[in-house]
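In what follows, chain A forms one complex with chain B and a second complex with chain C.
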Partner chain A sequence: MSTETLLERINAYASRPDPYPLYTELREHGVARQDDGSYLVGTYHEIAALLHDPRISSDVRHRTHPDLRDRPEDLPPSFIAVDDPEHDRLRRLAMRHFGPPHSPGRIDALHDDIVDVARELVDGLRGRDRIDLVDDFAYPLPVTVICRLLGVPREDMPEIRGWTNTIIASLDRSPDEDPDGRLRAAAQARVSMAGYLGALAQRRRERPADDMISALVHDDGPEGRLTEPELTTTLTLLTIAGHETTVNLITNGMLTLLRRPEALERLRREPELMPSAVEELLRYEPPVQMLPQRTPLTDVEVGGVTIPQGVPLFLVLASGNRDPLRFEDADHFDPARRDNQHFGFGSGVHNCFGAPLARLETQVALTALLHGLDAPHLVEDPPPYRHSPILRGPRHLLVTGDVAAGAGA
Partner chain B sequence: MSDDLKSGRIVIVGASLAGLRAAETLRDEGFTGDLTLVGDEPHPPYDRPPLSKQVLLGRVPAADVGLPARRPVDARWKLGVRASGLDPATKEVLLRNGERLPFDRLLIATGTRARPWPHPEEARLDGVLTVRTVDDAHRLAERLDAGPRRVLVIGAGFTGSEIASACRERGLAVTVAERGPAPLVGALGGTLGAFAARLQRAHGVDLRCGVTVTSLTGDAGRLTGAELSDGSRIDADVAVVALGAVRNTEWLADTGLAAGPRGVACDAGCRAFDMYGIVTDDVFVAGDVARFPHPLFEYQMLALEHWGNAVEQAEVAAHNMVNPGPRRRPHLAVPAFWSSQFGLNIKSVGVPTFSDQVTVAQGSVEEGRLVVVYGYRGRITAAVSVNRAKWLEHYRHLIETAAPFPPEPGAADRPASPKVVPSDVPDPRVLSHGPTVALTGHLPDRRLAVVRPMA
Partner chain C sequence: MQIVVDLNRCQGYAQCVFLAPRVFELHGEEALLYAPTPPDDQAERVRRAAAACPVQAILVGERAGAGAGTDVR
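Then we have the complex of A and B:
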């Protein structure tokens, strides 16, 4: 008899390559209380209900035993971690400079940039017989794009990468290492990153450029501007959120396609399928496997179980995405799937702010790779994974073949 | 038997949203027989919601509102031709041009038209308009382009309010005259009505409530203004009559179907009733012209003028037209609609007029972002959001499950001390616009009952 809870088993590093059988088990349990008092939900309709329930908070300060260690006192939480109306106000102020109706052209304007960056990266692979799709392609692409969007100069990108890595490492809850050390390092990285972005914003205040930071600091909209701390935490959020997730979607995407040559061939032949294929990847191998920071503000009943106020609530999006009560043939990867309301970008008021950008980046990235790589093969399957069970994806994805023979064509 | 249903002759009368979606669904469901669509407008199916919004702002040309096809539909399109009658005995649709179209199954999707100004001579004055069709919207947009000194909007339902909003956004002076106590009150009740009134005034609308327009005045055939019941007079060179809709059922007179001014009655499977209340099996109804019983609302006959309802009902009707009894589906969707006006996005689920009380469950009137929840006899029957649409899914679920009203507290952004007040949905007879959601049940005195708090 195992004393490990399901959550512990999901978190265990050995589960990383294939957590899906554990999710099947989770769905059979319904709303599952763990020994530590937290609750795990993995069925589609119950996740949907909780994501739209205004009594479910994204602010961990509402936990009965709040875990504040990783939160530097002098930085307020960003909008992903607060509730309406504060969340709504901050998100709206940021959205004014990212998407419609106020900035309808921002993402379109990045399109050519993204294509150029992808082409450059594929060109760089030319002549090599073994590449790491993560380090050589999937990582640099979104980082370059988010930096361009915000207006972070190219030469500062390595620093941004360093801080981001440290912060993301702190999300990892595996017990075998030194979690306190990781949290301290992450807090430090947050402060450094906020300091850097604050200084950059100051430069843009004095000399505006054509980027999102300039737009934010010069906003003269009816609702005023973000305050200084709000601005730096929002910029930090955008930088981090726009990073690892897209990397993993591109990598999970190539892994999924390399495992299914017929699907890969089909996408080459029918490029118009790319948008629906990306949606299917968001369902089938979502980069954000679960949302770890929800808390009920009051006792909330769902799926016949009452989740008590103040407990940690984990919504396992990747499990909901495979729920046979919602998706036909849920474990089958179908790039042409139609009825596909997946949770890859979450749902409800906190649904992914960057989704239109992430979709575009991934569509462009996979298209560039499918046409740039000739007869690619996986070197090892499964590949080595990153630690995090939350932001799940391969750490490396080694590929051989007549790599890049067709690149630049 | 079931194969029979996939072939044969189907005629759809009304070639707009419901007609098109039904035709697509029929083909999706494997109907291989003859399909004919009859529509009296000359245009292929188009979308109406933009006509009182983007089109009037000049953001979308009137010519660009065509409905995107979901799939190719192999059908005969008879556009610009009106159906003038129906012969239930020979199963034929009679066309205005004398043609007779035999059918095995018929779908009635003739929707509604704008209620005209009641005085025909005044209605003919140059400058008096309604907005229902793309040609109407085109004409109004042209008038607005010409920079009228003042626009008078008669009726402050959704369409009238949206038109007033477009006028203000274009910097035009606008007067709104409404017989009821506030804009939108017929559809949304007192709390949001009062909110809408403040909103319109804050945006510079000259809003006159509790008055009726007694006459439109003209000079040499051109509109010059209007006289109001309070003795005042308004100078205006454009008047938009937004008095609600009239159901297009006249062509069904004397057919024996339960068709009249309140629509064509049908069952939850979209099959039309005849005048005795016997359900037919070959005549179906969908969209704005239909009235149907909804179990969530005590089986009262709902008549909804909602885009989403037209789509869902058309899909159910089409499915049931080509599937045998046990495979048929009920039309059970929770009603939902949206409106955008004065920079706000208003969304509704459920039936707000089916209520006796309301409470602000999230946000606040002051913020201009809120969710109002409606209850009837202690259960939740509707919710309306203003710039908070993403929460509505939650309330839809509460409506479907007849959750208790007022909703359980606990929302992060709930008001400090939420109050429950009467919903104040007035009797539709005092309104100058028809309510968007009408409870056209057989207990007319009860369907809009307002429970006042006890003294």
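Then we have the complex of A and C:
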């Protein structure tokens, strides 16, 4: 009956609240060729094989028909969009100031700051009979933390937010609409954001502060420093990623718990379960539903199908996370689940750079909300969703109840 | 608290080092070193590190031996 491809149906806005039945259909198809020549993969073991296959590129310039309209010509792609060895070099230079082996304590040292930010935000909800968990909590928390980590001044956060929204909007590929306007706006936003971050880096060169931008511009490591264009695209990537994904993880997490009062109660009683509960959220409702940028460098056979060189390849991580061939009772949310090697942060060499920060933020955020909100419940279910099928999450999550009763506890 | 890391499974994602940097350490880019009997004040960090391991190579037990393999939490 329907002539729409599975990818078009997944992309359709009406599918946003519950794309999981479409993913079940996708897994039944195996490796699924779409009418436009692209391929979708939604089964766990095939996704795992492709994520670890060096013949699968993250650089869309390897496509037979690459769409580069949102890429300004004078900015290089960031490490998320290039392959090794270039990806490895760029990522390693950034990692030197984010994590081990060079800076092992950076994220751990942020823990108390994150707790303070979460507490302040919960305190700010005191006396309100209705809150929006997105605008009042899940958005400001990671944005404040990423800006503090990088060294972006608080007063510049609204401008950063504007550019980020424009760039994120360009990731959507609605087939029924000409995307040129959105792509041009995104290219312009990338140039503006790079200009802003480049100027900020210059200020830190002259007057270093205790932040990641200062560390990057003063790096005296054996491999040298990022070039100026590399620095600004890396900072743009970290800023956007720090804005977009954790917001959805926190919001999807609260939505999942508010729908399951018994799980919510259990986490209140057993706070030591929070780390595994967050892993389960990453499996059950991952903020990045699919990787849309992969391309085979040669014909690649997987699941009995040959995916031709140069075609767009979509790895639907959120579908792999629900694959019953890999996970027992895959559609059940179990905060104490063992054997949970989910794709919430991808896998392989491109696995999420900020994963440790996102984990910590979400554990702290959900703990603060569970203890700060008394008898919260959803105002509308499903909530209104943001547009993107890739970075999927509620636009608003209205909650009511005795919001402040337990605040400050 | 006792920790056992299956170093045959470990792939050097280093998530544990971020979350419990006083217990786990990266030697060079990939080789993992760790303190098998961390002090009690590290217990929460160790639990976060074990949950975060993408290949689930970290076993945490209140004591080593038979119990360690069953991941006592």
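What we mean here is this: the second predicted complex is superposed on the first by the 405 of 409 C-alpha atoms of A that agree within 3 Å, B and C clash if a C-alpha of one lies under 4 Å from a C-alpha of the other, contacts with A are read in each partner's own complex, and residues count from 1 in each chain.
In this text, a contact is a pair of C-beta atoms (placed from the backbone, for glycine too) under 8 Å apart; a residue touches a chain by one contact, two chains touch by 3 or more.
Please read all numbers here as calculations on a predicted model, not as lab measurements.
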item	value
Contacts of A:Gly105 with chain B and chain C, given as first, second, both or neither	second
Superposition-derived comparison: chain B or chain C, residues of chain A touched	C
Chain B versus chain C as contact partner of A:Glu206, first or second or both or neither	neither
Touched partner set for A:Glu262, first chain B, second chain C, both or neither	neither
Chain B versus chain C as contact partner of A:Glu155, first or second or both or neither	neither
First, second, both or neither for A:Asp53, with chain B first and chain C second	first
First, second, both or neither for A:Ala355, with chain B first and chain C second	second
Touched partner set for A:Asp329, first chain B, second chain C, both or neither	neither
Contact residues common to both interfaces of chain A (with chain B and with chain C)	351
Complex interface listing, chain C residues touching chain A	13-15, 17-21, 25-29, 44-45, 47-48, 50-52, 54-56, 71, 73
Parts of chain A lying in touch with chain C, wherever the complex brings them together	92, 99-101, 104-105, 107-108, 272-273, 275-276, 278-279, 338-341, 345, 347, 351, 355-356, 359-360, 363
Chain B residues touching chain A - in the complex, by the definition given at the top	361-363, 367, 369, 371, 388, 390-391, 393-394, 397, 408-414
Chain A residues within the chain B interface of the complex	48-49, 52-55, 57, 59, 83-85, 88, 296-298, 300, 348-349, 351
